[in-house]
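Next up, some structures in C-alpha cells.
Below are two complexes that have chain A in common, paired first with chain B and then with chain C.
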Partner chain A sequence: ESHIQYERVGADVTMKCGSMDWDAAVTWTANGTDINESRLNGSYLILKNVDLSQSGQYSCYEGSSWHLKYQTYLRVGTPPTEPVLMCRSNNYPKGFYCSWHLPTPTYIPNSFNISVIHGTKDMVCEKDAIPKNRCHIRYLQLFSTVKYKVTLTVTNALGKNFTTLTFDEFAIVKPDPPESVMAKPVPNNPRRLEVSWQNPSSWPDPESFPLKFFLRYRPLILDQWQHVELSDGTSHTITDAYAGKEYIIQVAAKDNDIGTWSDWSVAVHATPWTEEPKHLTTEAQITETTSASTSSFMAPPTTKICDKGAVVGSGAMAVCWTAGLVMAAYSVLFI
Partner chain B sequence: DSWGIFTFLCAALCNLPALPALNCSEELGAGQSIQQTYDLTRYLEHQLRTLAGTYLNYLGPPFNEPDFNPPRLARAERVPSATVDLDLWRGLTDNARLAANYRAYSRLLCYLRVLDGQVGTAELRHRLAHFCASLQGLVLSIGGVMSSLGYPLPAGPAGPPAPPGAPAAPNDFLKKMDDFWLLKELQTWLWRSAKDFNRLKKKVPPAVVTLRLEARGF
Partner chain C sequence: MAAADSPSAALRRRDLCSRGIRLAGKMRADVIDLLDAYVEQQGLDASASVAAVEGVPLAAVERWDEQTGTQRLLENLAAYRAFRALLAQMLEEQREQLGEADAGLGRALAAVLLQVSAFAYHLEELLRLESRGIPGEEEEEDGPPPPPRLSLFEQKLRGLGVLRELAQWALRSVRDLRQLAKPSPATGVAPGLVESP
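Moving on to the complex of A and B:
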C-alpha cells in the first residue's frame, strides 16, 4: 500500500517498512535509488533534519525476494505562516471581494476557509474560479453601521494559521483605475493636450454613485508631476504643456464621497502639436528649386530669360507665366 | 441658448396686453436647493469627524478605540438607522427618499440637543452647539427641497427637545453606548444622504423655472 506523509523541515523522520519486523532484511529506495545502509536502523529508515530536497517516493523491498512491502510519498514542508488578507469594494454598492495569499510558501498543499460575519449574521463569500484565492460577497443591505468581520483560516497537514479583518462598509470602497485613457495633441495649439478616459467597467452605477478623477502629468524629462482634480466629466484639456515635449499622463478615480483613490491608470504618452518649420519656403529654397528644375527640365531658352527677370514680348510673358506655375508647383512639392 | 429664448418669450408675453400680466421671475427652485443640501451633508460629515473624535475621547476607552465593534442592543433601535435593503433604497420615490432624510435628521437633532445639555467640557459644548446649528440648517434645507417639489413635510418631533417616552440609561456605561451609537448613525446617515442627494440631483432638472402668475385687474 502507498500513501503520503507530511513532515516539517528540520524534523527527524522514522519510516517503518510496513508490517515487517525491526530485524528483517530490507532495502530502501528513494525515487528509485538505493539508500545507503548507514541510514537504516534495522529495517527502519531514519532521516534526520529533513530538508525540502528529501521529498520524494520512498519504497521498501524485502531483502531477498525484492517484494515491495511499503511505499510512501514524503512531502517536506512547513506549517502555514499568517496569511495576508485584503478586502475591497471596486463595485460599490453591489458588494466586495476579498483576496489572500501566503507570504512564505509551505511547499505542501494548503486549504483556505473564509468566514464573513456581519453583526450577528453569517454571510457566504462565494469563491471565484479565477483567480483562485479570491471570493466575493453581495451586499444585502446598504449604509450599514455594523462592521464586517472577515476571518481567513489556512490549514495544511502540519498546522494552521489565521488572520482577521474588521471594517466598515465605506472604508473599503476603492474603484478600479479609469479605462481607455487617451491623450491627443490639439491642432494649432502648441501648449495643449486633450485627455479623455472612461469610468472603470467594474463600477456598476456611475449615475447614482458618481466618480471623481485625479489627473497627473509631466514631461518625460522632468520628475515633478502636475495634478488636477476633476469632480465630473471624463475629459480634460491640459493648457500649460511645454511646447514640443513628450508627456506622460495618468488618471485615478474615487467615489465622490466615500472610500479611497484607485491605483493610477495605465500611462499614456503624448506630445503637443508643433508647427512645421517655416524655413523650407524661404526665397533661397525657391531659387534652388528653380535652378534644379531648369537644369533637369531642359527648358527652352525663354524660361531662362524669365528667371533673370527679363521679359521679351507677350509670347515670352505667356511662357513666363507657365514657368512661374511650374516653379510654384515644384515649391509646393518641396514643402 | 435656451435661456435667451425663454427670456425673449417672457418679455414678448409680458407685453401682450390681452393676457394677465405675467411676472417672469426665474426662480432657481428644487435643482439648486438639492445641490446646496448635498453640499451641506458633505460639510456636516467633515465637521462630524472632528466632533466624533473629540467626543469619543471624552467617553474614553473602549469607545475611542478604532476596532470597537459592539453588538447592537435593543435600546439602540430608537435612533433612526440609515441601513436599508439595496433594492428598496434604489426603488424609493423622491418623496419617500426626502422624507426619510427629513425624519432621520429631525430625530437625530433632538437626541444631539439632549446630549448638548449633559456634556462636561466647555469645548465639547461649543462644538456640539455649532454642529446642532449646522444640522438644523440641513433639516431646513431638506424641508425647503420638499416644499419646492410640492411634497408635504412629514409630521415629526421637530420641536420637543427630548423625544417622548425615551427611557433613561440605567447606568453610565449604557449611557455612553447610546452616545456611541448616536454618533455612528449620524455618520452613516450623512454618508447615505450624499448618495440620496446624488440620485435626486440626476432626477430633478438643474433649474426648475417657476412662473408666478399675477392677475391684474381681472
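Moving on to the complex of A and C:
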C-alpha cells in the first residue's frame, strides 16, 4: 500500500512500518538505499528537522523475509505564502483577466481558487488553458461605479493563503503595447525620422475606444529620452534628431479616457538620412563616366566638398573640388 | 427617415457628435475635479461605497454595444435631465447648509449644472436631427412627492453618489456619441439611428 505524505520543512517526521509492532525487526530504505539503523526507534523511522532533499520514496521491509510492509512518498514542502494577484483589461470593453503566482515555491502541489464578485453578483472567471495561472471574465455591464472584488485562495496539503483585489472597471484598463513599430529616415532630411505603428491587435474596437500614444526616442549615445504625446493617429515625424546618429524609439498606448499606459513597445532603431560620401575618382574616370545616367547622389549646387580623407574604391586618390553648376550635370558612379 | 439619411444630415450629425464628445469630455474632467473638492470639503472618505440612491440614474448598462442610436440618445437625455434636477437640489442644500462659507464649492456645482443643462440641450438637438420626438420632462407639480428630508450626512453621501454617477455618465456619453458618429458601412449613416417605422 503506497501513500503520499506531506511534511513541512523543519518538521520532525515519524514513519510507522504499517501495522508492524514497534519491536519488529525491519529495514527502511530511502529511494532504494538502506537507511542507517541509528535513524530508527524500534521499527519507526525518525527523521528530524526534515529538509527538501529528504523528499522521496520510503519503504519498510520485514526483517529477514524482505516483504514490503509499507511504502510512502514523502514530500517536504511549505504552506503557501500570500499569492500575488494581478487583474487587467487589455481588451476593453470586452472583459478582463486575472493572473497569479506564488512569490516563493512550496515544492508541493498547490490548487488555486478564484472568486469574482461585482456588487452582490458572483461572476465566473473562466480558466485559460495556457497559461494555467490565468482566467478571464467578460464584462456583463459597462460604466458601473460598483467595484469588482477578486479573491484568490491557494491551498496545499500544508495550509492555505489568500489575497484580495478590489478595483473599478476602468482602473485596470491597460492596453498591450503598440505593434509593428517602424522607423525610417526621411530622404534629404538629416534631422527627421518617420515613425509608424499599429494599434495592439488585442484592442477590439479602436474606433469607439480610441487609443492615444506616447512616443519616446533618444540617440544611442545619450541617456535622456525625448517624449511626445499624440492624441490620434498612428504615425509621427521626429524633426529634431541629431544628424547621423542612430536612434532608439519606442511607443506606448493608453485608452483616450481611462486606465493606464501600456508597457513600451519593442524598441526600433533608425538613423536619419545622411549625405552619401563624395566619390573619389581620377579625372580620367570622371570623363569616362559622364555619359552614364544612373546617379546615386546629387550634390547641392553650391556645396563645397573636400574629401581629404575619403577614399572610394581601391587605390583611388582623394579629390577635392568645388561643386557648382557643372557638378550638377554629372552623375558619379561607384566603381 | 429620408431627412436623417441625407448627406447634410449625416454631416450635421457628425458635427453634433464631435461637439458633444468635447462637451462630455470637458464635463467629465470638471466633475472629477468637483468630486475631489466635494470629498475634501464635506469630510468624506473618497473610497467610501455609496449605495445606489433613488432617483440617481445609473450609468451601468448591459449589452451596451447592442444599443441602437436612439436608445443611446434617449437614455442619455433622461439621465442628464435627472442630473439637472439633482444638482439643482444639491446646490440648494449647499446654500442652506453653508451659506456663503463654501462659495467655491457652490460655484463649481453651478458650473457643472450649467454644463449638464447644455449637454441635455445638445442631446435634444441630436434627437431633433433624427426627427425623433423629444420626450417631455416629468412635470414637477404632477410628479411624485418630494423624498423625506435627509440628514446632513445622508445629504453628503447622496451628493457623493450623484457626482460619481455623473462622472460615469459623462464617460459613457463620450462612448455613446462615438458610436453614433460611426457611419454605417452600407448607407454611410450612423448605425442604429435609421430604424424601420
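Rule of thumb we're sticking to: the second predicted complex is superposed on the first by the 279 of 335 C-alpha atoms of A that agree within 3 Å, B and C clash if a C-alpha of one lies under 4 Å from a C-alpha of the other, contacts with A are read in each partner's own complex, and residues count from 1 in each chain.
To be clear about the criterion, a contact is a pair of C-beta atoms (placed from the backbone, for glycine too) under 8 Å apart; a residue touches a chain by one contact, two chains touch by 3 or more.
What you see is a predicted model, and the numbers here were worked out from it, not measured in a lab.
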{"item": "Overlay on chain A: chain C relative to chain B, clash or fit", "value": "clash"}
{"item": "Touch count on chain A, higher of chain B and chain C", "value": "B"}
{"item": "Which superposed partner A:Tyr44 touches (first chain B, second chain C, both, neither)", "value": "neither"}
{"item": "First, second, both or neither for A:Pro93, with chain B first and chain C second", "value": "both"}
{"item": "Partner chain(s) touched by A:Asp257 [first = chain B, second = chain C, both, neither]", "value": "both"}
{"item": "Touching partner for A:Thr120 - first (chain B), second (chain C), both, neither", "value": "first"}
{"item": "First (chain B), second (chain C), both or neither touched by A:Trp273", "value": "neither"}
{"item": "First (chain B), second (chain C), both or neither touched by A:Lys149", "value": "first"}
{"item": "Footprint overlap on chain A, where chain B in one structure and chain C in the other make contact", "value": "93, 140-147, 170, 207-210, 257-258"}
{"item": "Contact footprint of chain A on chain C as seen in their complex", "value": "25, 28, 49, 58-62, 64-65, 164-165, 168-169, 171-172, 174-175, 178-179, 182"}
{"item": "Complex interface listing, chain B residues touching chain A", "value": "42, 45, 67, 69, 71-72, 81-86, 89-90, 181, 184-185, 188-189, 191-192, 194-195, 198-199, 202"}
{"item": "Parts of chain A lying in touch with chain B, wherever the complex brings them together", "value": "93, 119-120, 139-147, 149, 166, 170, 207-210, 256-258"}
{"item": "Footprint of chain C on chain A - complex, ascending", "value": "93, 140-147, 170, 207-210, 257-258"}
